[in-house]
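One structure, pasted below without further comment.
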Amino acid sequence: MGSFTLRDPSSIGVAVLGAGRMGQTHVRNLGAIPNAHVVVVADPVAEVAERGRELARAVRASTDPVEAILDPEVEAVVIVTPTSTHATLIETALRAGKAVWSEKPIAQDMAETARIVDLWRASGVPVQLGFMRRFDPGYERAKQLIDSGELGRIEQFRALSRDTFPPPLEFLLTCGGSFLDMSSHDLDLARFLVGEVEEVHAWASVLFDERFAKADDWDTSVIMLKFRNGALGVVETSRHSEWGYDIRTEVAGAVGKVVVDGAQKTPATVLRKFGWEGDLYESFPDRFEVAYRRELEVFFDNLGAGRPVSPGPDDALETLRLALACTMSWREGRPVRLEEVTA
Amino acid sequence: MGSFTLRDPSSIGVAVLGAGRMGQTHVRNLGAIPNAHVVVVADPVAEVAERGRELARAVRASTDPVEAILDPEVEAVVIVTPTSTHATLIETALRAGKAVWSEKPIAQDMAETARIVDLWRASGVPVQLGFMRRFDPGYERAKQLIDSGELGRIEQFRALSRDTFPPPLEFLLTCGGSFLDMSSHDLDLARFLVGEVEEVHAWASVLFDERFAKADDWDTSVIMLKFRNGALGVVETSRHSEWGYDIRTEVAGAVGKVVVDGAQKTPATVLRKFGWEGDLYESFPDRFEVAYRRELEVFFDNLGAGRPVSPGPDDALETLRLALACTMSWREGRPVRLEEVTA
Amino acid sequence: MGSFTLRDPSSIGVAVLGAGRMGQTHVRNLGAIPNAHVVVVADPVAEVAERGRELARAVRASTDPVEAILDPEVEAVVIVTPTSTHATLIETALRAGKAVWSEKPIAQDMAETARIVDLWRASGVPVQLGFMRRFDPGYERAKQLIDSGELGRIEQFRALSRDTFPPPLEFLLTCGGSFLDMSSHDLDLARFLVGEVEEVHAWASVLFDERFAKADDWDTSVIMLKFRNGALGVVETSRHSEWGYDIRTEVAGAVGKVVVDGAQKTPATVLRKFGWEGDLYESFPDRFEVAYRRELEVFFDNLGAGRPVSPGPDDALETLRLALACTMSWREGRPVRLEEVTA
Amino acid sequence: MGSFTLRDPSSIGVAVLGAGRMGQTHVRNLGAIPNAHVVVVADPVAEVAERGRELARAVRASTDPVEAILDPEVEAVVIVTPTSTHATLIETALRAGKAVWSEKPIAQDMAETARIVDLWRASGVPVQLGFMRRFDPGYERAKQLIDSGELGRIEQFRALSRDTFPPPLEFLLTCGGSFLDMSSHDLDLARFLVGEVEEVHAWASVLFDERFAKADDWDTSVIMLKFRNGALGVVETSRHSEWGYDIRTEVAGAVGKVVVDGAQKTPATVLRKFGWEGDLYESFPDRFEVAYRRELEVFFDNLGAGRPVSPGPDDALETLRLALACTMSWREGRPVRLEEVTA
């Protein structure tokens, strides 16, 4: 196990892997981070890589992510590639001693994820996963309130997520099912805000989009959670939402409760014909715009200061275990205890 | 000056004068007040009086309000007749030693109002005027917060009132102008919540309804207020509101502020197409439904317990002075000090 | 089977059975209902009955509810007695041909409830049960929106109820368990707003009050619901709430969603030290004040007009079945289908 | 008059003048703007300039703003220096043919401001002033709604601004008075949202901080506005706010109204002891964080695309005229028409 050091904490060379839509968002956000500068942008499509390089005002573009990782000026890697490549790229970076910020998940199965966790533990290299909701000011405030003890012992967790539009069929066929692909955001919040889960029971249905049935998936689901600390919880998920992105989370304790609501997009309210109207966020890019900026900002801030980064590969492993337990519960029609899901 | 006593404080005989729409509302509200029972309902139109009697399950109907006041079983009078009759009926009740609850105002001129104030002071008979907003739970809470000192020294008062629909022309010709008829609700709140006013400046315009110009009135106005305690204030008024009854009041102190908002009518919110909608109150009967119940409830509660009642004729006089000062300011195009308006 | 008729629909004689706290609330509310007048108030405690009589300005007080029901001037009975007496008193009224408004439930077991349903069906006498939330303006608006089709096909139901204070132990020992006593309000809303349920799974825990364990009851629970129309739902319940009465319900359809929220008690908001505060309802009497008035108002309005009344004994039966299915699920640790619960 | 062209619209060289707190904010925001790169950062204090250069990853630091403007790689200048230097630096940039983004105001007097307006008109060089509220998503939505005609003819404008903390005395002595320094934000919104103003009347008081009296200034004020289109308005201002930054604006039209409210800072709400609490913004940097980013983003976006930029020097002139009219009204104790204020 080695210890990780930076040449100059105030100026960290970065490789961005993947320059699609989210990659471009991360590149723009990196532009405002004082101690990070993009050295190289890699994308298998040369023009996409070049466009990313221009946006990043980086020195080099590359079609080879491994070359980018190994670039001697690079000390940190930002991974925004398809899920199936995450584990390999994280492994390459760990072996090269480069710090990693990666989109979640590491992988869709326990064995591969656990392998990366072991490598990470042995390497001493900082790795942070993109559970961006943890960096939303609303959830950060919720976390502070809970950890401060102000709400008392936690008794109930309740989460709802509705994505605006269902994904295309080709995505459904590879995303690992909606518990992994979508409910996992709320399952991660459950762990982040309340603690580890002991048992789940999940029901799911195809209610509005038959493509989900073709993909052996579902569009609507509900999960009951029993936490190790005794709290009870529920996670509801839907794959469409005509009214916009709809994320609501409540954590109730013995003496207080925190609600993180879907919130209005802008502070403008309109009054018309015996009613008033506010707008809503359209999807995750606008709802979590600040969180996408902060997750990278906090990563480089902690990296530069030599502080640990979080959430790490262990969080990815436990959240994956939870999502797979839900999937097993749904497939087998029975409550599932978390220890049944192993690597 | 006499002292006022009731035969049986747990069962007070009431005469209701005026059985139009608001009279019927008061009659229904009286039905739920334990220590008040309606003895007689009077209205110049015999069928209206009879319908009121049925609704009130009262013993008698009458077309003569004076007869109703003098009824030996009557110990309290509820006056819901046209404004022009208020002063005379209050006077009759005072001389007969009957407690009075009356719709505001006492009269539209200072001299007549001051005369009733003098009679009332000499009589020792309880009189309460229908400034119903003072009994709205929102304004009651605002008053408590201010009086408790929790907000610190008061610095700013800001009020907005928009009526849903403008009144008919015949009403406009006799209502005394919009400062008296409508802004006076906010001017009374200004006095209730902040204290007496020293100087006003008022601007008014006819912006959407030419009938107001015909009545030598206006449909839109704004008033600046200087309070004796140094606070500054503003009162905005409009005679129409397509989106519903729109009442908003804010009082800011050195350390805190209270906002009484237009509020949603029901707790149901609808989410639709990237937006969310709540409903709004349509007009004063639904927005101030609770206040209309409470103003009578509190009156009979205090009456039964031998406690003073409020707001009284003195409040009616001072609020009238304020509304007349605004009218004078608007007519003469200059700021007006309150002491310029005398009986 | 007979047909029910009233002597004078504009003046219906009423017996109120039970003059405790809720009985007094109903008596006051009856005072403002134009076509109802209380003839007799019955309570086993003579002074309580007499106090109720005074409050109702009724002719008679009685310690015998059967005598009150049979009073020839009485055409409708309002039952506010302990749960264990509901079935017998409803039966007596039905046999005497008197219309019934009764607090819920009819009884705590299927057999007794089904017996009353049969009697009611045979009698032709109007019976309405006190599921008061159905008369809250928020839930009424939700119902309208759903029934109008504006929200599209319903996909998700989500309800949370937290009572402010847990009940005393003696109550817990006889209340039939929290699914019957408390969750049943949300289960009734589920049926009212979405439709009949096919299967439930319930988890419950004692998290903060060991008295519940002594009563073989629980203080915190979560229920998953599968509706016959395919929708999925969740009902969360807690027996305490330091922050006040906390009732939140959401119904999501294919194109819109309605949220009935815990709502602020008054429209006054306070701004203080980088934050703003609104108040919350303390318990059901203030949160559902309007609903308690409207459920009686609507009952007498429909009764007077010869229209059917609702919710009736059949609703009480189905909501009971649902609550008992939850109890069975919790006791047996497995999902339960509704048809397993029979009389 | 020349026409303005850029060498490479996708990569505009920028000089940032002034690297204090706001300068650093702008530098960070520039980092995320794809077509702007900072060439030089100038500040009279060498270390501040150097720190700015590092933050901007710029090539050069300078203590001479004129040198920075004239740098051949520089095509656009971002001016974040003290107010007294704005006019001179804008003039230098205009004469050098460099595009200008400058903090407001141009100057505190009409003559100097009008002189720059003339120079700008003659130059054909794009100049945008930092009225950042126009770029807040709430005000942008308000503007769209008004301009679309959806609200109907505008009748009322109402604005409130409360700064969290009063400024230091040395600042008060040079800021030109609170109407210029603070109310001007709302006066600019009045022009932006409703149109030009015809007449004002302003009252002001020293209510909580005697330092304002020493500076011949005031801490609390209220302004009445008559717009040329007939609308009436009011602007309230306070120089302190214990509860946080408090900005509320309403524009009411004949058929609809838009409210831009002070808004919660985060979407987390806390429920505690019969109440609920949300947080509030602490000051303009957090409330208008997005606006500060967008005003530069939009400037460079329009600049790169060859579209006009706005608000320009003419807006600065008219908003200054309005603020000076308020000051004159307050000093002379009378309503003032806008045409009385000339260069």
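We call the chains A, B, C and D, going by the order they appear; numbering starts again at 1 in every chain.
Operating definition for what follows: a residue touches a chain if its C-beta (ideal position, glycine included) is under 8 Å from a C-beta of that chain, and two chains touch if they have at least 3 such contacts.
Just so it is clear, the structure is predicted and the values come from calculations on it, not from any experiment.
Asks: Report the chain whose mean Cα position is at the greatest distance from that of subunit A.
Replies: Between subunit A and the rest, the longest centre separation is with B.
Asks: What whole-Å value do you get for the distance between subunit B and subunit C if each is reduced to the mean of its CA atoms?
Replies: So the centre of subunit B lies 37 Å away from the centre of subunit C.
Asks: Counting in whole Å, what is the centre-to-centre distance of subunit A and subunit B, each centre being its mean C-alpha position?
Replies: Each chain's C-alpha centroid was found; their separation is 57 Å.
Asks: Just curious, how far off is subunit D from subunit B if you go by their C-alpha centres, in Å?
Replies: Measuring from centre to centre gives 43 Å for this pair.
Asks: Provide the list of subunit D residues touching at least two other chains, using ranges where the numbers run on.
Replies: Residues 242-243, 246, 255-257, 264, 271-272, 279.
Asks: Looking only at which chains touch which, which shape fits best: line, ring, star, complete or other?
Replies: Shape = complete; every chain linked to every other.
Asks: For subunit C, which residues count as touching subunit B in their complex?
Replies: 10, 28-29, 31-34, 37, 54-55, 57, 136-142, 145, 255-272, 279
Asks: What does subunit A use to touch subunit C in their complex?
Replies: It is residues 152-153, 155-156, 158, 160, 162, 201, 203-205, 207-208, 220-222, 224, 226, 230-234, 236, 238, 240-243, 246, 250, 252, 254-257 of subunit A that touch subunit C.
Asks: Using the touch definition from the top, list the residues of subunit C that touch subunit D in their complex.
Replies: It is residues 242-244, 246, 264, 271-280, 282 of subunit C that touch subunit D.
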